[in-house]
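Two complexes are shown next, each including subunit A; its partner changes from subunit B in the first to subunit C in the second.
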Partner chain A sequence: MTVSETDYQPEPKQGDSILEIRNASVTFDMDRGESRVLDDVDLDIERNEILGVVGESGSGKSMLASALLDAIVDPGVLYGDITYHPPDGSPIDILDLDKQGLKELRWEEISMVFQGAMSSFNPVRKIRTHFVETLDAHDYDIDEGIERTEGILEDLYLDPDRVLDSYPHELSGGMKQRALIALSLVLEPEVLVMDEPTAALDLLMQRSIISLIQEIKEEYDLTIVFITHDLPLVADIADRIGVLYAFEFVELGPTGEILENAAHPYTRLLLKSTPNLEAPIETMQPVEGSAPDPVNVPSGCSFHRRCPLATQECRDVDPGPYDAGGSHVSHCHHWESAREEIPMSYDLKEIDTGSESAKIGKGDTASRTASAEPVVSLDDVEVHFEKEKGFLDMFDEPDVVEAVDGVSMDIYERDVVVLVGESGCGKTTLGKTAVGLQEPTGGSVNYRGHDIWDVKAGDGDGSISWDEIRRSLQIVHQDPGSALNPHRRVKASLEAPLKRWNDDLDGNDRKQRILSLLEHVGMSPPEDYIDRYPHQLSGGEQQRVALIRAMLMNPDVIMADEPVSALDVSLRVEMMDLMIQLQDTFNTSYLFVSHDLSNARYIAEKTGGRIGVVYLGRLVEIGPPDEIIHNPQHPYTKALCWATPELGADNDDDESPIREIDIPDPTNPPSGCRYHTRCAKAREVCRQQDPGAFDIPDDDLHEAACFRVLDDHEYWDSESITEEDELVAQGDD
Partner chain B sequence: MILNKYASTMVTIDWRIRRLGQAVFTVWAVITLSFALVRMLPGNMMGAMITRLARQGINPARARELVEYRMTIDPDAPLLPAYLSYVSETLQGNLGQSVFYSRPVVDVLAEALPWTLFVLSWAVFISFFIGISIGALMAYWEGGKLDIGLTSYAVLMGSIPFYVLAILLLIFLSYRLGWFPTGGRQPIATDPGFNLTYISGIVTHAALPVLSMLVASGVASLGMRGNSIRVLGEDYLRVARLRGLSDITISTQYVARNAVLPMYTTLLISIGEMFGGSIVLEQVFQYRGVGWYMLSATHQRDYPLMMGGFMVITVAMVIALLLADLTYGYVDPRARRSQ
Partner chain C sequence: MTRHSETPTDDDERMDFEDAIVSDSEASADERIETDGGVGTPFEVVSEYEETRRDRYRKLYDAYVHAPISIIWRDWRARIGFTIVAIYLLMGTVGPLFVEPTSVTEGPALAAPFETMEYPLGTDNQGRDLLSQTVHSTSTILKMVLSGAVFTVGIGTIIGSIAGYKGGMTDTVLSSITDVFINIPGFPLVMVLGLMFDDQILGNPFAIGVLLSIASWGGLARAIRSQMLTLREESFVEASQAMGIGTSTIVFKEIVPHLMPFVVINLTNAGRKVIFEAVALYYLGILPFQDLNWGSILNQAYGANAHARPDAIHWFLVPMFAIVFISVGLTLLGQSLDRVFNPRVRARHEKTTADVEGDGDGETQTQDAMGV
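Coming up: the complex of A and B.
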């Protein structure tokens, strides 16, 4: 299709940089002092490479992105030199450009894709207008530009006419993000800076966009700087990876080197703290401590306070770049010993192979046997939402969203079930229904054999009260910041459940209990934390308080809705460990909701729980994590496993297992098996018949709702329906 | 997809009909309420009218007929038939007969309405125009001296009742300086028609009532300032700047366009509010509009005229809100489907 004008040099040549950054610093003047959010960064970006930049939130990675376009927002000030080498012509010093020069550089030479595609379009203008006005502002030929746009949109698996004539709100998040990528390519730039372009998207969409990025890079001859907090995500596509910590690069090298032979303690610890599907869970450990404040970065090596290898030298001398072989540089005095001192999960796996049986935490929960009575039992539960209608409208057939449709599931004593699925698939609604926060429109939810909605209505047999059920089923929300009342101190928030349920305790007892719990979850000194307001706590601390608040009720089941997704990558394992530890202390069961299969696997494997895969209101597969990840039966589960970014693993089999990138409209779900519109294995029978849950012979806890499980089903004689559709999102090679 | 498109237009039609239904319901409720007030209010409004007529020497039977003619409510009929005939008369545009002017209420109000609308539309237009411009300026120089100065102005304007401003304007501009007439709605000595003196006379008579309604610009400018500052922080604005769009496109199509959206409903609601305010305003300027007639009808116990004015103001309010709802989708594409 349209190839940009530079058809020379398809191979990246050593030393051929397109961007050279020297001593770049960004400072903000704040009341507390000067805040340095990019600290003396040197970086060469090679022509036609994909450079992955990885860093936790607040590591300066967005500042780096903005600096490349000289677009630091006021009152930030950018110092240093950034030189751009156009394919032909003389180098351009970006920071010296005047307004006109910047206009010609931005978007025409260096373009950018922002994190928030949701808010990157003007809501009152059509997508087409955005393209036209961009072409117009840069005096490009509009007809030709729109033609090019249509080509780009098609390459991104979008229907150009439909997308261009839509308003931004009419497109789904994934479509908007792809349209935004197209918008950034419309002026045929040389460099594309992507700042967390997939952070707000679902796993499958994320993975699909990642493979698209690789395609468009080839097609449009781009240099891509991909900025993310998620190391495994870039591992697949990046040629080189740079790791940012405390506003400077700590390590930079080829992707394989960084993943397998990292030479900086931070990178190694970060890799170990990232949950993934392959590495044994016992090797996953949190990085202790937290990232430094931009006003007060430690002297010497900025990582020394959290580093297990720190010596006096690290405290005094800022480590320069050490050459760690090839083009791999590490800013660590002890880069050589770091490789030995901090063993990676892969090394451990080799050591562990002999003692496979000695796995910790694995093993079935004792109570989950056929005879045991479940604590919460869902029987054919349906939750159908009617779309909002006013009066005078009541005679119409309302639009119904089948958020949950016919799900049966049991949660036992000290059990853990993790629900995974894409956003909008009904997993949160299912979770809320299980803990009695959402009344089902069909089926029943039972707590120890009592239908909880009958009990609430007063139709129970009187042996259990609604209050007791309400106390036993608790929830921990996704965003701890909004789950805590901002006007109440920690003490007041935590006292409320005690006052209500343990009224025999006096004020002093209550305080003692809260103090000991705060200490227990690692918030010490607790006397200091107890009088704080939520905004004086970090995200992880807020989540701990929310967790304690739920625990104080002494509940039987806690539903935790994405409890770690608001936290930084390096803190997630720590939080999950804490939750698992609290389960032991308080004897509860968990129902986790997560969109991330790696996190789901970590929790489920460590507690001997199960993973349930939800798709469009149905539970399509449930089973132990080992089975779900290594022996997935449902094609959707396979797609989720495929979409979960892997560290180090070379995905040779890069063929996408889904036919459609976009999830169908939940108000009008597909007939038969709901997944058949996206399933690569769909046959005629899937369109007509709805598969029930079938037991997988290998494991009595493993069930999947797919005909393919049965060897003698008519499915195998049915005609395939996949040929008629083109395989979408599949690599062209 | 075709099916989808079809479904979405269906929803839009349904929603409009529903909204229209709500408006019709409100009007019906007002008619019913006014009937109930006349029939059931303590003090017996109709009885008082009959007694008054009887005192003027008209025999009671004739007086009853007269009252029925004026109020379009038969005082002797049972509740339901009286109510039904009142509703049907009202819907046909028969609001009764003014006692004081001895003319149909509709005629009196129809003659007054254009004057009120003339003043109000200019008041709304000018005050929102000024308010939005000032608000945009304040947002552009947020935190600067101009912002602080204009914010003080806006707060001052927002806190002065319009009738106080009206009296101040009257004292200084009309009585002291003599720049504007002190009352009335048109020059006395000129011929009504398309001639310069008459038109300029109308404008000078309307000027002070319009000016005193400018207090609304204070609230509008503060609203606009807040909206604009919010829009200035949006991601799409940053992307637009990086895309190299011209400053004019950014300020009009990106900032102003999005900041004005929430103001649109406020604007139409304020038309309704001003209608209510016109009762006092027109009294201050002796401007013979709907409000003036309504107040004087109250003084003269001209119940049919008073009820008629009440009806006109309510219906105007309902129409303004209906318009706001029905047309909002044209201003904000997001509202087209989600409503």
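Coming up: the complex of A and C.
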């Protein structure tokens, strides 16, 4: 990047920045050439701010995190200057430090929270050992350090004694992540670099940790660099946001400015492509194209190939930082026109929500006609897993995990049902049961009126064969990387269903059909793709191949297990649109599984489907997306809506609707209503009685399993049980 | 197929597209059969050209001959190993045609190597040519190696993968059988069996190979089973199950290729083990033999006290070198063959993908590099 010093001074206010990064580049030598995975980045991190760094995967954001600690892994080489200004004392040039100096800097001054809490702890050592080792390695007093640790753990709403004496596997993901944050704070650093600290966590946990981060920042006087791919997530807490694209910052400015008045086309398009709960779905559009290869970043502005405003200037001249008012900086030649040319969703909302939304009415899907026969119908389905018993407790009752417990649900022709819930709530198991990949331990799964497990066992009436059922119910997996066999080419993977079901085709026919399909889903030229191995495809392309593999079976129902969660934010809308388009072409029904309410809403609203909310193996609420999001009846649905990060600076920080952050142990689910332990509205009767599904009076498609729906239930006379947990409730705010 | 939709591409594009295919596979050009090209959806497309037998063979040749050889040829270990093994194969097959069989008192007793060009590796105490003995015993040894290695790896892989994939009762039964074979003391058993069946195995190297590996497949089966337990949980296996693909196809076409590097190393190790055991048993005089082979040469050399006589030391060294070299060759080949089964390496070397390589690979490589 050619920094034109004339129109912009990178140091606005000298003196209060804690980290100064100048011309930082990271390069890797590869067979194909030099790969620049961080490209001349200039950045000032101010003292006591929360800086959000947002970028898609492969945009260099983790490199930036490692660069701050001078911890680039071999064979990467880091150039440039990174200067650290301690609160007292002279500036330190991080890249000049020797081994001892680096050791003192890392963790003691700048520490880091890594992405995978699961793999950051050694599974054979207790949590306490990790703390002791860290203290010991840096020659800190261990007793004093452990005392401090206990304080930090308490601040993070963990029970210090319990956590310290646990092995990592005994803690839930959220607890581990919090313990990891505590570990990074134990040496009292000045700067905390968090690399996707919540990526592996559930919505509610994510939201709770985000609020905790704000608290600990105040309490421990920290400067936080929060790196994430999820713009809405960081919008709540960051003071400033930097947007990374193709290994350099394209825009940097105060959070409000970035969200409402972004001055770079990429930021604006990214904001538009992010599904959320409020904006009308017509305004959500994918960003065309894909991010450039680090070996071959286009000359000039790296975004010009995908940018609707690109001119010759963008192709030739790398845009320097333009001052877009205040401390807001944009690397775009056309930053002024970008604001006008690319209208944001909330601008559009005022203009017109469009006539298209009117087309997708409630009557569109077959699920609305009561007389229609469901394609797949679940009747009081139970899936219970027995935990493996050890030899010594062979006389004990086995531990049973009730993954799915008494769920009834119908999927009609051309229907879409989106199951939403936290991880471990059984939504994937429920989905697999619905498509006949998991045998239920109770209840029945029917395909067009035939119990599929009876048919498989040969007890059916013979009018339908197992093959026919097997063919009609398909699955698309969460991780496209493992859904395709890494040892088989695209062609071999796609040929498998054809070989199995279309014997009449010879090799050339199969190839021709695969080619035209690849082209159909936008992978052109298809000849290039057909002989590739999965590792030669991007995540989005892998997912497309997995999708058409399922479509080749010509199925009636496809269960899509988090089909977009492994993709970049800017590609999600595109993939969901493709799935919807394929549904139109092939008359399939979808059973989506998602942990993200905004994606669920996008799919369900666009297809006129329903959203089902799953909690600990039960379906607690099901209904049209509008109702679920704007008129949630079950307190858990309300909590999910609350926890879904929203764009927009107006963030009314209302009270947390959950009493406890952690999900109860599924081997020992709470009695009565399973949500009563976390429900802010729970009363005595919830503990004793199990609510069935109740129709919501104002909408016949909307059902919820909560006593509060009924006006004349004894719930209203029952005593509240929330008082005793008052302390916890305060903690979660 | 009953679905109908708009044609995704217009006709012109389709024509170009098919032209491209034709030029792609010129082999099909000699047998063109026009079929109806009018197609409604991409799910009903069929090719205009019927696949010829030649096409199919060309594809098979590319996948199973051209690609593996071009991959292993880039690795020096493989080149050495491949060459050594090839030399032995030639020695075992065409060697006997060029080197005449030797007989007693053919030459002078205990001629040193290179003393006369007639007997380049010298002779033993009865004047028999050592080169001729070595060459003529190669084919016997190779037959043993082949049958032994294939038996070990075949049984081990089949039992292990079926036990691991199926689970439940099948697993219990197969694993129990495996455990029995693991716990049998192999070498003593082979000695006993060798004595019991000496009529059947005399002059039948394939039978000797199987006999030698009768108890050595257990460990491999166990290891394969445990790998299988992990791999069967992968999403692509579930997707195949959902497509209704048969168990044997899933196991042997989808999953076993993941284990091939491991299987191949075991294959060459099993081969070496057969050589060592065979030589040891011949040396100990337990296995009956008609013709001389490396083990029995060693046996006779020992019987004649060759290890204590400097003038006869070559009698020991020649068969020893023969054994060591083939063992080194097999080890090198086995170690380098794992590259053949690595899709990342494979994609880089295959003829058909040579041109598309490059742009798609970048992202993953960077991600690897960045540790994403």
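Methods note: the second predicted complex is superposed on the first by the 681 of 733 C-alpha atoms of A that agree within 3 Å, B and C clash if a C-alpha of one lies under 4 Å from a C-alpha of the other, contacts with A are read in each partner's own complex, and residues count from 1 in each chain.
One rule holds for everything that comes next: contacts are C-beta pairs under 8 Å (C-beta built on N, C-alpha and C of every residue); 3 or more make two chains touch, one makes a residue touch a chain.
Just so it is clear, the structure is predicted and the values come from calculations on it, not from any experiment.
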Answer with first, second, both or neither: which of subunit B and subunit C does A:Phe121 touch in the superposed model? first
Please work out whether A:Ala137 is in contact with subunit B alone, subunit C alone, both, or neither, and reply first, second, both or neither. first
Figure out whether A:Gln512 sits in contact with subunit B (first) or subunit C (second), or with both, or with neither. second
For A:Ser337, select first, second, both or neither according to whether it touches subunit B, subunit C, the two together, or no partner. neither
Thinking of the overlay built on chain A, is A:Asp293 touched by subunit B (first), by subunit C (second), by both, or by neither? second
After lining up the shared chain so the two structures overlap, which partner does A:Val73 touch, if you call subunit B first and subunit C second: first, second, both or neither? both
Identify the partner contact of A:Ala496: answer first if only subunit B is touched, second if only subunit C is, both if each is, neither if none is. second
Looking at A:Arg470 after the superposition, I want to know if it touches subunit B, subunit C, both of them or none. Which is it: first, second, both, neither? second
Comparing subunit B and subunit C in the superposed model, the one touching more of subunit A is C
With the two structures laid over each other on chain A, which partner does A:Phe586 touch: subunit B (first), subunit C (second), both, or neither? second
Which residues form the common part of the subunit A surface touched by subunit B and by subunit C? 73
Provide the residue numbers of subunit B that touch subunit A in the complex, in ascending order. 1, 4, 7, 11, 14-15, 17-18, 21-22, 234-236, 238-246, 249, 253-254, 257-258, 261, 331-334, 337-338
Tell me, which parts of subunit C touch subunit A in their complex? 1, 3, 5, 8-9, 17-18, 20-21, 24, 28, 39, 41-51, 55-56, 59, 234-236, 238-245, 254, 257-258, 341, 343-344, 346-347, 350, 352-353, 356-367, 369-372
What residues of subunit A sit close enough to touch subunit B in their complex? 69, 71, 73, 103, 106-107, 112, 114, 116, 119-125, 133-134, 137-138, 162, 167, 169-170, 183, 390-393, 396, 399, 665, 668
Parts of subunit A lying in touch with subunit C, wherever the complex brings them together: 28, 30, 32, 35, 37, 57-58, 60, 62-63, 73, 75-76, 293-296, 435, 437, 467, 470-471, 473-475, 477-479, 482-488, 493, 496-497, 500-501, 505-509, 511-513, 515-517, 519-520, 525, 527-529, 531-538, 546, 549-554, 584-587
